[in-house]
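In the two complexes below, chain A is the common chain; its partner is chain B in one and chain C in the other.
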Partner chain A sequence: MPKDHGIGASSKRREDIRFLTGKGTYTDDMNIAGQAHAVMVRSTVAHGRIKRVDTAAAAAMPGVLAVFTGEDFAAVGGNPAGWLINSRDGTPMREPKRPVLAHGKVRHVGDAYAAVVAETYQQARDAAQVIADDSEIEELPAVVNMAAAVANASNRVHDEIPDNVCYDWGWIEDNRAKVDAAIKSAPHVTTLELVNNRLVPNAMEPRASIGEFFPGTQDYKLTTTSQNPHLTRLLVAAFVLGIPENKLQVVAPDVGGGFGSKIYHYGEEALARCAGRRNAASPSCRTRMAETT
Partner chain B sequence: MTKVTMTVNGKSVSAETEGRTLLSAYLRDGLRLTGTHVGCDTSQCGACVVHVDGKPVKSCTVFAQDVAGADVRTIEGMANADGSLGVIQQAFQDHHGLQCGFCTPGMVMSAAALLAENPKPSEHEVRHYLDGNICRCTGYHNIVKAVMAASGQDVSALAAE
Partner chain C sequence: MTKIELACDLEGNFIAFRTETLANVGAYLSNFSTVTPTFLHGTLMAGPYKVPNVYVNVKTVFTNTAPVDAYRGAGRPEATYSLERVVDKMCRELGLDPFEVRRKNFVTTDMFPYTTPVALAYDTGDYHATLDKVMEMADVAGFEKRRAASAAKGKLRGMGLSTWIEACGIAPSHLVGILGARVGLYDAATVRVNATGNLSVMVGAHSHGQGHETVFAQIVADKLGIPESSVEIVHGDTAKIPFGMGSYGSRSLAVCGSAMSKAVDKIIAKGKKIAAHMLEAAEGDITFEDGKFSVAGTDKAKTFGEIAFSAYVPHNYPLETLEPGLEETAFYDPANFTYPAGAYLCEVEVDEGTGKVDVVAFHCADDFGNIMNPMIVEGQVHGGVGQGIGQALCEFTTYDENGQLLTGSYMDYAMPRAEDVPFYNVDYSCQTPCTHNPLGVKGCGEAGAIGSPPAVVNAVIDALQRGGHKHVTHIDMPVSPSRVWTAMNA
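Take a look at the complex of A and B:
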């Protein structure tokens, strides 16, 4: 029996040959005949109120098929986190839904508040720039870490969450007497401030999605850079767009790293799927975006 | 739109371009050679490295029209004539120098350029030369090992990973 067969054997990876010869198939390598291209218009400020998004000039530009703003997805309600946590008092976490496109406010640099779908990527980029120029976002003070968010509770990230707290865990607070006793009886006590920084993975492959709509069967297909296509299907079908799961196929081809960032469902994926349906002439739509948080 | 002709992997090819069309887009969208990857679009990551007239360049930062007529080599041109893996590609597989594969084309192209300039590089020289190629699966150690093995050097003394 060859030494790379059987239990305990060291096997060659099946994917190496195609990766080493440039024949992998990552999402952005795929092209659908007649596809349109979507480009997001993204916030350049960490926190801001959207005063005006004027899409009229962009919509009239060459090749532009559709323009979307947060308004178009207001009824959708937003993407759920897909991971529910209870606070230590037993109450469920307060989860602000993440809109497909920002509506009312932008909450981080890179938060998409409009999108252009055009026949070519360059046409979509040009029109997205025009929307950015024709938009007005009033910059608001930003809180950029956990301590600042709690200390400046009047500066609300989400208007509906008064103290900026999503949930509260506290093993020490729940075991205060025992912790105090242990520290009191310890032969040596070290004091330090421990900062648990925000984790932002940056895989080599940026996120990308291709949405397709098949008018004959009313089925959808989403090809996306996902570590978790089953969860994406559940979230996008059942919770975001309100279609039966069996009408949506989610495909994750070769994925160029994720490290957790590609577990989640992103607004661009919902948009790619939606844009496909909106355009009878180009029922498929692709997006490619630099990784944003 | 302007038609740009160049030699890619030994074949004369042409595709329509705008003035702003990057070499990476010319290869990927114009010629459908999608082995050249675009990670950062800002010439930091090195996934898009190709050879232009023998020199390694980051194709996301070169206008296609500026290299009209050039001799370009991409990852698709690195295998042997019979389709088997080239020496560097084989070494990457043998020494597990890749995981997700996204940075791999750029790594292989940079490594090939290094070995053309310096057939027996030291470990330090390999690390220095690959400074412009980022891997996020933390695979640098085995990439360095693969490049040194591809140069015919004994890598048994390098720590196992």
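Take a look at the complex of A and C:
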């Protein structure tokens, strides 16, 4: 007889009452008084040198409250990798800084290099287009194919990393000679070369963030689509923006799936927090198109 | 891109695995992007097998493409796919039975705890049991009859097996610290008994669809002998919850659930002290069962609600030795990963004229340890396998030579739809409980996505081989109609 409650019972999911009747509370559903909207200006080329980002015309457009470029974040910390990997020879991995907004170079289609905060989403989109029109990005040859990336030392994603290799890892390096010998002397060896196809996590809810600033207490609040609000708080506060953890509250309300994609901290979250500081809460609800880039 | 070599004797006993991988990390390092192709992948490269020699080499490369990071399974699907595909290919080369080859190479139940050559210590499992189970579920003996029926419809039918293992419930902080992690990987829960006897439980795990609000309440209610409706699960707000590391790597129940279980144990221990005072008995004589604190061997008892009320209205209460209130926090840092494992069997039909693959049956025999809510476990497996079938048959992000994304919309990026997946046959009756967490749970969130892609691709290759296309030994995912047709007609 199956149990009807407690451990081992197929208790019905209590959360489904709100999820299935449209009564969940998702970040993009929230509307805070005076809320503004942020739109990113994204690279249309895979690799390019940023020659000019002119925000003057955009800043003067109706409803525009603030514009940001990579230069605004040049002094704050980058988004760190959570795990240090050493190469076989013991050297630490090459770890280029991941900025909130790109400066110097854009490195993939969709790499954000500027952002606009405006009273409405449409105003922000219009101004973002003007920044894109007023910017000059010199397109560089793209590093796409991995074999070519390793072989062609002259074409670098990051100028400081000559062969585009982050690390060359062996596990376990002490096994290597023994394994090589075992394979050499084995009666049969089967070899297979394969490609693991690149996938895009497609949660039902795209990512979104709202940043708020409370002048009376100097507190910040970030409402965001996260699988791990404390980890996001740690990354935003301690690593990227350098504000005390106790002054930043991170809320992950109902979140419509993650599959991994909402573990990580994204530059847009840091930007929402900064935009909030300028009295402009900014949900950057990204479109499905942006999600795949 | 992976090159894997499997060395064995002519009876199919494994001698060594060696892999060389180039991993594309995109333009920048996302937070977990460095560990996914390394420690979440290389450490699983022994699979459920007692292979003595394993070496894994991974070069991670920057390209002008979007940064990539962990996706359901994260590194472990890639390890499982490489292993289960190469085992399948070896069986075909040597004319061996894929079921028997796995059987003779499995780590056996008398070998646990078992340390692999790639440094994991599997605590418990029974890989023969899940393989036997899936063969029974799938009626392997009846395959020829089903194949003949498919052939009568003009379809090629194939059967593919995948026996998978994962390390999840990520994980011991001291170990991941040695391996380079820049964070700890414990979790935490605070159990607050309110004055009227109901509970608010604040957890570090985050639920974004999994059903924690239901399952976590079931566990607390069961342990305290109270209705599930008396327990509210609070999550997702740093101002309310203890410092937890969140939900990924099938860790919510194994790590945060364990913290919560420990916090409930503290509540019961304190309740016994309060009950001892109220019942004028020695603390050691108090037992707790079915929501009642009793003096052993007597009919003297206080309900959980009475004890909770006394903790907040402490008029008859041992205030000299005990703080009022009934609220406990526990942090839990696991001693090891957990090791769910299972056997998946897929049957496909291939249309020889178009190359289209239909998954017509999918059987899963999983060992997740103890099961808290069977319905939710089944749902997790369904979802995971659906994503795995999506990877195997449909999904592919691709760029042109200039780094322009060619699959930027759902018109170009094929998500699996209802018609692409079969009705699943799921079993979780093979249970070897985790030996080192208090609930004996292993985690089930990623299993389906880890175990299923090689089962699908193995089934497609099997169908083509049985259909006479002997030259086809591998097709890269996604095994789309055009790729299958091209391979058949090459």
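The definition used in the following text is that the second predicted complex is superposed on the first by the 261 of 293 C-alpha atoms of A that agree within 3 Å, B and C clash if a C-alpha of one lies under 4 Å from a C-alpha of the other, contacts with A are read in each partner's own complex, and residues count from 1 in each chain.
Convention: contacts are C-beta pairs under 8 Å (C-beta built on N, C-alpha and C of every residue); 3 or more make two chains touch, one makes a residue touch a chain.
Please read all numbers here as calculations on a predicted model, not as lab measurements.
**Q** In the overlaid three-chain picture, which partner chain does A:Q122 touch, first (chain B) or second (chain C), both, or neither?
**A** It touches chain B, and chain C stays clear.
**Q** Go through the superposed model and pick first if A:F259 touches only chain B, second if only chain C, both, or neither.
**A** both
**Q** For A:A46, is the partner it touches chain B (first), chain C (second), both, or none of the two (neither)?
**A** It touches chain C, and chain B stays clear.
**Q** After the superposition on A, what does A:A33 contact: first (chain B), second (chain C), both or neither?
**A** The answer is neither, since A:A33 touches no partner chain.
**Q** Applying the document's definition of touch, where does A:N196 land relative to chain B and chain C: first, second, both, or neither?
**A** So A:N196 only meets chain C here.
**Q** Thinking of the overlay built on chain A, is A:P206 touched by chain B (first), by chain C (second), by both, or by neither?
**A** The first partner, chain B, only.
**Q** Tell me which partner touches more residues of chain A in the superposed arrangement, chain B or chain C.
**A** If we count touched residues of chain A for both partners, the winner is C.
**Q** Looking at A:L20 after the superposition, I want to know if it touches chain B, chain C, both of them or none. Which is it: first, second, both, neither?
**A** After superposition on chain A, A:L20 lies in contact with chain B alone.
**Q** Quick check on the superposed pair: does A:P229 touch chain B, chain C, both, or neither? Answer first, second, both or neither.
**A** second
**Q** Going by the contact definition given at the top, which residues of chain A touch chain B in one complex and chain C in the other?
**A** In chain A, positions 12-13, 15, 201-203, 254-257, 259 sit in both the chain B and chain C interfaces.
**Q** Considering the complex alone, what residue numbers of chain A touch chain B?
**A** Residues of chain A touching chain B: 12-13, 15-26, 28-29, 31, 121-122, 201-206, 254-257, 259, 290.
**Q** Give the list of chain B residues in touch with chain A in this complex.
**A** Residues 18, 20, 28-29, 32-41, 45, 47, 74-76, 78-79, 85, 89, 92-93, 98-105, 108, 134-137.
**Q** In the complex formed with chain C, which residues of chain A make contact?
**A** 2, 5-15, 45-47, 79-86, 88, 93, 95-96, 98, 107-111, 142-147, 149-150, 157-158, 161, 164-172, 175-176, 178-180, 182-183, 186-203, 226-231, 233-235, 248-265, 288-289, 292-293
**Q** Which of the residues in chain C end up touching chain A in this complex?
**A** Within the complex, chain C contacts chain A at residues 1-10, 15-18, 22, 24-35, 38-39, 42-43, 45, 52-72, 74, 77-78, 81-82, 85-86, 89-90, 93-94, 117-119, 179-183, 204, 206-209, 211, 213-215, 217-219, 221-222, 227-228, 236-239, 241, 243-248, 370-376, 387, 390-391, 395-405, 407-410, 413, 415, 474, 476-478.
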